[in-house]
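Dropping the structures in below, format is structure tokens.
Each of the next two complexes has chain A plus one more chain, namely chain B in the first and chain C in the second.
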Partner chain A sequence: MTTVLLGSISRLVTVTVDGRELRVPEGATILDVLREQGVETPTLCWAPNLTPINACRVCMVEVEGSRVLVPSCARKVDDGMVVRTDTEKVRHSRRMVLELLASSVDMDQASEDVQRWMVEYGVEPGRYGPPAPPEDDRAGHRVGHHHAPDGSTAANVAQPVKVDNDLYVRDYARCILCYKCVKACGTDAQFTFAISAAGRGFDAHIATEYDGELPDSACVYCGNCIGVCPTGALKSVREHELREAGDWRPEKETVTTTICSFCGVGCNLELHVQQGSIVNVTSPSDHSVTHGHLCIKGRFGFQHVQNLPEA
Partner chain B sequence: MFGAGGGTSAYVEAEDADLLVLWGSNARETHPIFFHHVLQGLKKGARMWSVDPRRTSTAQWADGWLGLDVGTDVALANAIGREIIHAGLVNEVFVERSTTGFEDYRATVEPYTLARAQEITGVDAGLIRDLAHAYARADRAQICWTLGITEHHNAADNVFALINLALLTGHVGRYGSGLVPLRGQNNVQGGGDMGAIPAKLPGGYDLGDETARARYERAWGVPISPKPGMHLSEIFEAMDTGTLRALYCIGENPAESEANAAHARHLLEGLDHLVVQDIFRTATAELADVVLPAAADWCEYEGTVTNSERRVQRVRKAIDPPGSARPDTHIICGVAERMGHAWGEPTAEQVWDELRSLSQNWHAGMSYARLDALGGIQWPCPTEDHPGTPTLHTRLWAEEPEDRGRPAPFMPVEHAAPLDVLSEEFPIRLTTVRILDAYNSGVQSGGYSSPMRRRESLRMDAEDGARLGIADGERVRVVSRRGAVEAPVAFDPSLRPGLASFTPHFSEEVDINVLTNDAWDPKSGTSEFKATAIRIERIGSEKI
Partner chain C sequence: MDLRLSTAEPTEAERRAVDAAFAAHRSPDDVPGADVRFPDSGHAARGRRHILLPALHAVMDAVGHLTPGALNHLARVLSVPPADVYGVATFYAMFSVTPRAPHVVHVCDDVACAPAGAEAVIAGLTEDLGEEGEGKEACWVRSPCLGLCERAPAAMLQLAGRPDVSVAPAAIGSLRAELDRIATEEPTRVPAADAAFADATVSVPQAGQPQLTLLRRVGVVDPESIDDYRAHGGYEALRRAVALGPERVIREVSDASLTGRGGAAFPTGVKWDGVARAPSRPHYLVCNADESEPGTFKDRVLMEYDPFGLIEAMTIAGYATGCERGYLYVRGEYPLATRRLEHAIATARAHGYLGDDVAGDGFTFDIELRRGAGAYICGEETALLNSIEGHRGEPRNKPPFPSTSGLFGKPTVINNVETLYNVLPVLAVGGEEFAKVGGGRSTGTKLFCVSGAVGTPGVYEVDFGTTLRELLELAGGVRGELRAVLLGGAAGGFVLPDGLELPLTLEGSREIGATLGSGVVLALDTQADLTGTLRRIAAFFRDESCGQCVPCRVGTVRQEEALARLTRGAPKGPELTLLDDLARVMQDASICGLGQTAPAAVLSALKLGLL
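Then we have the complex of A and B:
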């Protein structure tokens, strides 16, 4: 039997962030350092429980000696690295990313942080013109069959909400293609591979195989895609219906952490309660049991405590 | 195991193991979030073997699948042990320093040649050899199991057979190596730890431990009988013989979950007095004289539960209990008060702190404040500055004999076929299986609408169907020595000729425990749910 060293030996390297010299662990990403230092950095496709995806390009920073901006979420620190986060180039890039996304995608339900960043970076999505009308069958676009827009309207992904099962909806008019759901469904957590990106260019979209309905796909309804979605494109049917009915009350929501009532794994559940009812279930991404991911029973199986007989 | 009833390893260790053996466990569906850790291990290059009569969704991730016949686990494990010994792959230093009884074990497994094991289990001898070598040669290997090991008439022997393999190879007490029983309910571990095992006191002390018992007697001001009480199977036997006439049933639905359910219901109906305390009006509650509506403690009250890695975690109140439902502890204290004992209405934390004052080795260091701050703590945690114990039994690897403590004993066991034998009259083996989106007798999971839900069917092999002239979807009559049910058939490629399955989740559709065998393991009290002999009849035809 040999002794095997698990993990790496951590040594410190020196980096300079916005003029401050710091000693940080080798192997950390620039974003790790920025978060540790309290330097707010917008992210959309990054999550603490997923491997860096590198899709959204909103966390870009300047690194001395680098020809282009680098994604802070994925780039690891090097000894002697000089990072700048608050330059005109960085601010302009972040503004453009947020603006182009907001002009083509409905960002209304993105988190408060995202809304605040859009204000802070001076995002004006309206300057690309009025939004083009919604399309019923964006998935039906065929490669090479679309035409360049005439510039009178802003191209966008507006389309009807897909409601094809009792547990969650897919509202792809809100999808920014951050790929978090694909990673959570795939090798970062669930290994079910029910969804992936289909189509090319502006027609690229998240889809089940052959763009089928969820019940015909490999989906096992763990909802880990919902858990990581940053824009409300994926949400529970309950939340969707409450929002449609005008009964969604996030300002009155309480969140209580408890343990799932099903099998013996002991997953931490965050019960989101509005007006006395559980409306959503999530799990803390920093807990060693779940890393924020659940199964169908944990995420959706709470209803037995609120199926009450008519009073 | 070795004096502590709990899994030896933290979940994260599965991510760093070289080899994972899932034995009688379809964790992909029954412990999905534990399986996430397994999958991360596979991503890093670990090998995984599945030992299961069915080619389950777990087996689909395995490098090797050993599809043994139901109830032949001991023969398989003994053959693996013998092969490890004969191949010279025993961890001799570990066996010498940290175990006892090796010679007896060697003698017991000697007759279990690969050829004999193939004959008993139906598994190819070469595959058995491969698993034996892979397990013994791995740096860090775990055996994880579930009800496929424990719902047999020889459940404890099955577990011993697996523990023996870990002792033989030193795959226990080290990070990444271990023995991992995955618990079926969110507090099976905690219930046992709190003394809901007839021969145990809270905190894992044996009832026969004079010192511990005296401490509990002093704290509670009552004498405690050193004689163990009855476990569930004995309770039902005592109901049968008429020595037990009243039952107080908390959070359990035996009218549907007991094996040989028709008989169990008959016994429940014959009681002088039945009290059911539950969050649902279950089939058992329908038979009760008194029903005490309970709060769902996991979201309507406070407390702790303990998971399969011995992690004690807090449950908290998020919503109000409905109507007149009350927390279990409040109901029990109320009953005590009517009996003349003023226990007041202690908070969950007060109850826990009393436990901590008595469970000195396991729980003493686990204040609510620490449980909150640390996201749960794994026992043993004897003091408030103790970090908890992710990996159990590391003492077995200590250099100094006094640090190693009592060596771990080999427990040699023999193969014993299922009691419900296959015969000409009952030629097909029925086993019970669980599926991802449902849970146990279905009282909880029936409350939500799963898009994957299908009607409950007798799952069987298409070849058997063809042989019996049964079409996919046809309704059949399933007969065992104890009873009969009707159900539609669904052909299932995870099964093979001679093997059929039901889930226990939908008893309102198919009351499957009418069929199962209530013969139970004298060492653990578990009924033989996994091995029922049945025949399948076309409806309308007298016999096949």
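Then we have the complex of A and C:
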């Protein structure tokens, strides 16, 4: 017998987006509708392969009847919903979220889209003053306490890069606390639960138990946290070393799609190649087998391909 | 769940503390000692996570800080990943994951205590014990408002191996005496320090007056005696509720136009009706007793002096909305209220007022008390739910609202303490009669926490519609020359001396762009350091932000920095623009009420030219 998968049959509801009336499937998020309509909406903590996290607050839109703005990534459409994306209130909030992040986090390695949004929304991180110097032990701050600032410098999360294993680095000076890595390590993909948010407020940070080193934690080095990190806070040691040496050449990168040969699951791999050598391995988030997530072998087990005899 | 645990082992004391907490909170179908650390243990493993917060408390109470061995043991027993245990443990200000003295003096330096001499207390403690957080046997730390503003300045002693106590008014002498007693005397079930709270009129100057409704039993009944409670009208409202039936009870509450007293002023009848009708079971009741708004102490006073009132009101709420279990989440810094409530719950249970057949009326209802651990954000209703469930106290995205998906994903009624006490008079006189006092959405009486530069600080009960001037006069008038009144707390705003005719109603305060909030009325005279007050409020929000969303996490930091520059004499123009930009993104885009109201007081002060 052949089974035909029809998918779930959903009712259509009517929503109005920036004055246009649309019929959209019930259960879609506002962001789904905006993407479908080609309305560009900045996102940071959203990813196609994770449940909405709703922490960064950059995708906010106005919904009629709501006093405050609404996160488009998480809010599902209701029949008769009236959404506005082009208001001053929306633009202001998006600009400020990007500006507050840029003033406290190193955003240099965020995607080209993020860089473009910061220009388009008119972000001026410099107006909060010069950045405060890096701190070695941000994790040691006592919860609910801080030293009163004098306002001469802007507090930020600058700190040394954590390199404690051979596969990836944790550069928390670039962490915007989007929680994507926590979700990928936990219930959205890996179910390893090696990391969690720890601390509170501006001192909140991503940590293993007791802020320990990765090899002492439950980490299985699947690298799915790297796969979802939007700002380069988590990256492979290979990429980190190339960047440090000034040999990182994204403009010369080619991507080759293949299938992982380690086991029979059939995960699609995308080999990112720079100057004749593999620098990273990813998987497409819309792939039906991986949903963008891999295991340690698929993501890091490529060295043997490159162990060519010296010419 | 396949946990990877470290090799750290707990000490015998830590193991005993965790095991006792586990035994006390385990659900009946959870087999003692059953190891559920395997991948498909499902509900058996996940169902234990809510024990995490009580178990962390148990270790803190026994040892004074959280060692890797204790956290590892907790992770093993509860089947919670060690990283998650650490994430939860580092969320709360009363917990310490680094070694700390077993006796910690939390000294309030917040808006009411700072002008009352908190810094002198701190100077004395620094001399005795050393710098903040240092000291071997005892140490001191600064604390946000401890909710003892009528007795400012206040301190709370968090003590390993014996019950915590509050000391207020705190002077270096009284603290020395208390620390001395701790060092030399054996602990008793009821600590000697509680005796300082025996006189209710210090907290409620109106105590005993005949016109009181919510406060009528304060200072009149013995808070430790259920018989005395019954002799003063106790459990009459429950009897009436059972006679009416659940639907009529909800109708009376709706007819009374009772609105939530926690700050959001949501109609209680609508909330109850929503949960009562929710098809999903079980239903849960949660009493939000995590009173932490700076300047607020009304709920504490009610719980300390009339604990059975809250137990009865929760029972009625549970009966009306179909809940068999109620969680009472009481602020961690309220040791006396916690003791009184624990005693009241145990006594009510022993007398058949809680349990499988409440008062012989055939319905089931019981209450479990949970202690907060030093996090203002856990007063936000969805953060509170996460806290009970053993997660970090981070607010949830709404919708879904708790009435459809709340505690453990089930329909949940969440009410503030004062709101629940109001249910008793609603049933005593009927909803329509109750609504005759006040008007509009502001019906009945309201408790105000009057502190600062007034003759007699304390909790005052007045009819809605009383003016701010009348309230201040009731509290013995302003000492000195009034500069401003902080109305509604850190999340509220200021009222100038020319605005004292303000009628204290939800509508009246909204009209002038203020809020009654949690009922804070903090009087500041011309001697008060207003700039210092504002900076303390800004620092408070920075400390208490959960850190989840960007507008609040970074916005509260930038707000405090801008305020610091302004007080140092930086040019006003750019700073005011900055503060306005920050305020708008915090109000419009924060996840919860904390971020949305974090700029309120600063904006209000700037608008009124107080800075």
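Definition applied: the second predicted complex is superposed on the first by the 300 of 311 C-alpha atoms of A that agree within 3 Å, B and C clash if a C-alpha of one lies under 4 Å from a C-alpha of the other, contacts with A are read in each partner's own complex, and residues count from 1 in each chain.
Just so it is clear, contacts are C-beta pairs under 8 Å (C-beta built on N, C-alpha and C of every residue); 3 or more make two chains touch, one makes a residue touch a chain.
None of these values were measured; they are calculated from a predicted model.
When both complexes are overlaid on chain A, the residue A:87 reaches neither chain B nor chain C. By the touch criterion defined above, A:301 lies against chain B but remains apart from chain C after alignment on the C-alpha atoms of chain A. In the superposition on chain A, A:51 makes contact with neither chain B nor chain C.
Of the two partner chains placed by superposition, only chain B is touched by A:222; chain C is not. When the two structures are aligned on the shared chain, A:191 is found in touch with chain B and with chain C. Residues common to the contacts of chain A with chain B and with chain C across the two structures: 191. Residues of chain B touching chain A in their complex: 10-12, 16, 30-34, 36, 39, 43, 61, 91, 139-140, 170, 175-176, 182-189, 279-280, 296, 298-300, 305-309, 311, 313-320, 322-323, 375-376, 436-437, 439, 443-452.
Those residues of chain A that touch chain B in the shared complex are 1-2, 4, 6, 165-167, 187, 189-191, 214-215, 219-222, 254, 256-268, 271, 273, 276-278, 284, 287-291, 293-298, 300-308. Note for the complex: chain C touches chain A at residues 1, 3-4, 6, 68, 71, 75, 81-87, 90-93, 95, 97-98, 133, 141-142, 144, 374-375, 392, 394, 397, 399, 535, 539, 542-551, 553-558, 560-565, 568, 570, 574, 578, 581-582, 584-585, 587-591, 596.
The residues of chain A lying in touch with chain C in their complex are 52, 54-58, 60, 68-69, 71, 74-75, 89, 92-93, 96-97, 100-101, 103-104, 127-129, 140, 142-146, 148-152, 154-155, 176-177, 179, 191, 193-204, 207-211, 216-218.
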